[in-house]
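Across the two complexes that follow, chain A remains constant while its partner is chain B and subsequently chain C.
For the complex of A and B:
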């Protein structure tokens, strides 16, 4: 356990600089987004009211007040978030391959540590989870700050204040609802599915690192099989066109399938790391 | 004792090791000699469970390698196994964090022995100094066995001499060493046992001291005889 935690700390420190730079980009870009969106709105409002001489009430009924969901749809907001998602997706592969293909083959050291090799696997997956939840938590902290900036910039009669919850649930972007689930059930489903996907990908990487070219095929085969098993309850229902289970029961079965696939992936990865992996 | 018993290893259809057997004892320096591609590095990787073998057995003190074994045996590959952005002090800190057998006193002594500075970054080191840091990280562990893969490869003569001095110092003490090298002349007089390899087979295994005393031949003489034949 102790060595596992040390490995997690070590793995996180390896990406920490890039990670904190991305958080800074997220912060700067989104706050800039709030400022620019508010300024644009105010400029347009002033032009309409003072140059086009549209009454304030008519302007508001025609164009609506300013709110955070308008900021949410801007590139200033979505762009850095997409960058963070892309980094995590890319890092799922890089976290393993850089240890083999880096200037110094650090994988020698990792595989010769006096601890179960599975701890290396678990430390890397924990790092991915920490990064993901770190981004989400940071974004949730940023929302109220951004809302406050909006309040400073836009007069009360021209804005609608939305709480974090209202903001997330009012968002028209499906992607945002995936990242920020509305309920605990959605959280378990979204992030549970993400975790299962990462364990499947890690296992596929272990296959490739163990058997090289043959391993790519084995990895793809394993991934397809794991996805089929994971979605089996839904696939069977749709295929047979008979809906034996209530949606809540389907949810429980899906969670169970997710646990089964995750356990299988960890077991297979442990076997490959112990018996088949090669430098 | 490290026992390598009849191990075979294939990469695809190519058989790299074809029933290799030998033993290496504690307190002895065993040298694996052969041209490039005969499987010297593969044998060391196999001993450390870094590459799976197709058949045969490898035992360390009578047991198969397990996680605890990495506190008793260390491998110094031909490339450094630490991150390039680390300073030497950080690399030593990493070893101290993860290995109970890490001996900080010996590490400090080795720093002085190799004239290295703790504050130096690994990526800034010359090839010779990188090899020395690699050796430092392996030798500073209180282990029974040390495996070294081509420790003299691509290193200038002064660094080679410095590294060769390690073998005559107390830093090796009564530990068992398995070394692969082309630069046999640097340590020929220190070797206890030689395993000559060719095409994945052991051509000859002999005691260097006996050959020196009884036959009045050097290791290189025996190599010439065996490889010419």
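For the complex of A and C:
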């Protein structure tokens, strides 16, 4: 356990600088976005009401009030979020390959540590999880701050205050529901599915690192197999009798399949790390 | 310990932030206003079995669906996640069947037309087919019979006979009579619709009879026939008659080669299951079936007509003709006129009509009326109102999507 924690700490510290810089970009860019969007809205409102002499009520009904919705659709807001997602997606691969292709083959030292090699694998996947949840948490902390800035800048009659859920359901970015689901159960399910996917990817990387060119094919083969096994209950049901299981039963079966696939992936990775990995 | 500070901080931040976010959002759900049905006059027990589905909107952007009964309102998000998955809303009678006969209902469609239920049996009949690139083929009846007394299920499949020319078919109604299953289907051949009746013997699992019972004959080249089953107040219940509306559609050429479809004739046809005969229903002058909503329960057709503040129901008994004309007024306690474009949601069950106006907002309440279709008396009037006064009055509203009787 102690070894594992040390490794997690070590892995996290290796990306920490980049990570915190990205958090800072998220903070600055989004707050700038709130300020710019509000300024724009206010300038436009002033121009319309004082220069074009449109009555306030008519202006509101024609152009609508200001809300975080308008901020969300600007590149200042959604851009850095996309950057964070991209970083995590990219780092899933880089977290392994940097150890082989870095200045000195660092993997050599990692694998020589007097601890189970699986701990290296688990520490890396924990780091990916920490990064992901860290972004989500940071965004959730940022949102009330941004809302407050909007409140300071735009007077109440020109403004609609939205909670995170209201913002997502009223915006066009319904994909954000995957990142910030409505309930804690959906949160666990979504990120659980993400975890399964990352273990499959890691296993594919292990295949590649063990057998190189041949390993790429093995890795792809393993990934396809894992996905088929994961969706097997649904596929079988399509062929035998549609809608045989109730949705809640499918969910339970799928959770079980997710656990099975994850265990298989970790077991295969463990075997490859122990016996087949090449440095 | 010191060297772990980054990990510790990020761990705490994650747990606190995501934790409070979900605790807070769990608490805000109950912040939506609760709605109640408040009695104005009549007998409160009349609305005990009424279920009203609707959507609540605040600030015109946020919509949340809810169910309203005499016990108050319940929002979708207040239901447990698993319950939401297995179907919140939907058709009440199907949902009840799923709760009562969970295993029997596996893989069954959600249409009450495909079911038949009496004290002894619950029967399901549907047509399965394979869709290939040209047309659907390989039509099969898929039948399930649940003997509720002995708790036995019998499921089987039979090929549908004589399907060579068939484009498409679907089941309109399932009935049972003397141990035989009667399945009414709408069969579409070359754009023309016809109603067929298949009789199946349950014990031997065989089709014992098949005939075309209603069709459009003598159609011209630019005409096509349409046949629709009249919506039944309770499609699952046993009934002697099945009613269809038969109409002829004609393509009329407009200028420059455009065609417009026009209905040239329509009539109601009743099929009597006991005598195995169909006969047209000669409706009195003042009722024109196609312009009104019609509902049917075994021996009575109800013609429903609405105006902004009223619902007028004319029952027509198959063997006696028109029996009265009953007018029920929907007006809220502030005596607001309903707007012309606002429609009502109306259902008929057990000789009673249930009508509810579709919208409630700060200015006016939605009105619910229950009326007897035997005496024409208004049995109950009530209003859907928020339990506590709404906070953002101006922008909040409740829209009724449907009303069902349990």
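Things worth noting here:
To be clear about the criterion, the second predicted complex is superposed on the first by the 269 of 279 C-alpha atoms of A that agree within 3 Å, B and C clash if a C-alpha of one lies under 4 Å from a C-alpha of the other, contacts with A are read in each partner's own complex, and residues count from 1 in each chain.
One rule holds in what follows: a contact is a pair of C-beta atoms (placed from the backbone, for glycine too) under 8 Å apart; a residue touches a chain by one contact, two chains touch by 3 or more.
As the structure is a computational prediction, the values presented were derived from the model and not from experiment.
When both complexes are superposed on chain A, chain B and chain C sit side by side without a clash.
By the touch criterion stated above, A:275 is placed in contact with chain B alone, chain C being left untouched.
Within the superposed three-chain model, A:103 lies in touch with chain B and out of touch with chain C [touch as defined at top]. Within the superposed three-chain model, A:116 lies in touch with chain B and out of touch with chain C [touch as defined at top].
Of the two partner chains placed around the shared chain by superposition, chain C is the only one that A:12 touches, whereas chain B remains out of contact.
Touch counts on chain A: comparing chain C and chain B, the chain ahead is C. Of the two partner chains, chain C is the only one touched by A:134; chain B is not.
In the superposed pair of complexes, A:3 makes contact with chain B only, with no contact to chain C. In the superposed model, A:163 makes contact with chain C only, not with chain B. Contact with neither chain B nor chain C is seen for A:82 once the two complexes are overlaid on the shared chain. Between chain B and chain C, the shortest distance over C-alpha atoms in the superposed arrangement works out to 11 Å.
On chain A, the surface touched by chain B in one complex and the surface touched by chain C in the other have no residue in common.
Within the complex formed with chain A, the residues of chain C that make contact are 3-4, 6-7, 10-11, 13-14, 16-18, 21-22, 25-26, 28, 59, 61-63, 77, 81-83, 85-87, 98, 102, 106-108. Interface residues of chain A facing chain B in the complex, by the touch rule stated above, are 3, 6, 10, 14, 102-106, 108-109, 111-117, 275-279.
Those residues of chain B lying in contact with chain A across their complex are 45, 48-52, 67-71, 74-75, 77, 79-84, 94, 97-100, 122-123. Touching chain C in their complex are the following residues of chain A: 5, 8-9, 12-13, 16, 130, 133-134, 136-138, 140-141, 160, 162-166, 169-170, 182-187, 241-248, 251.
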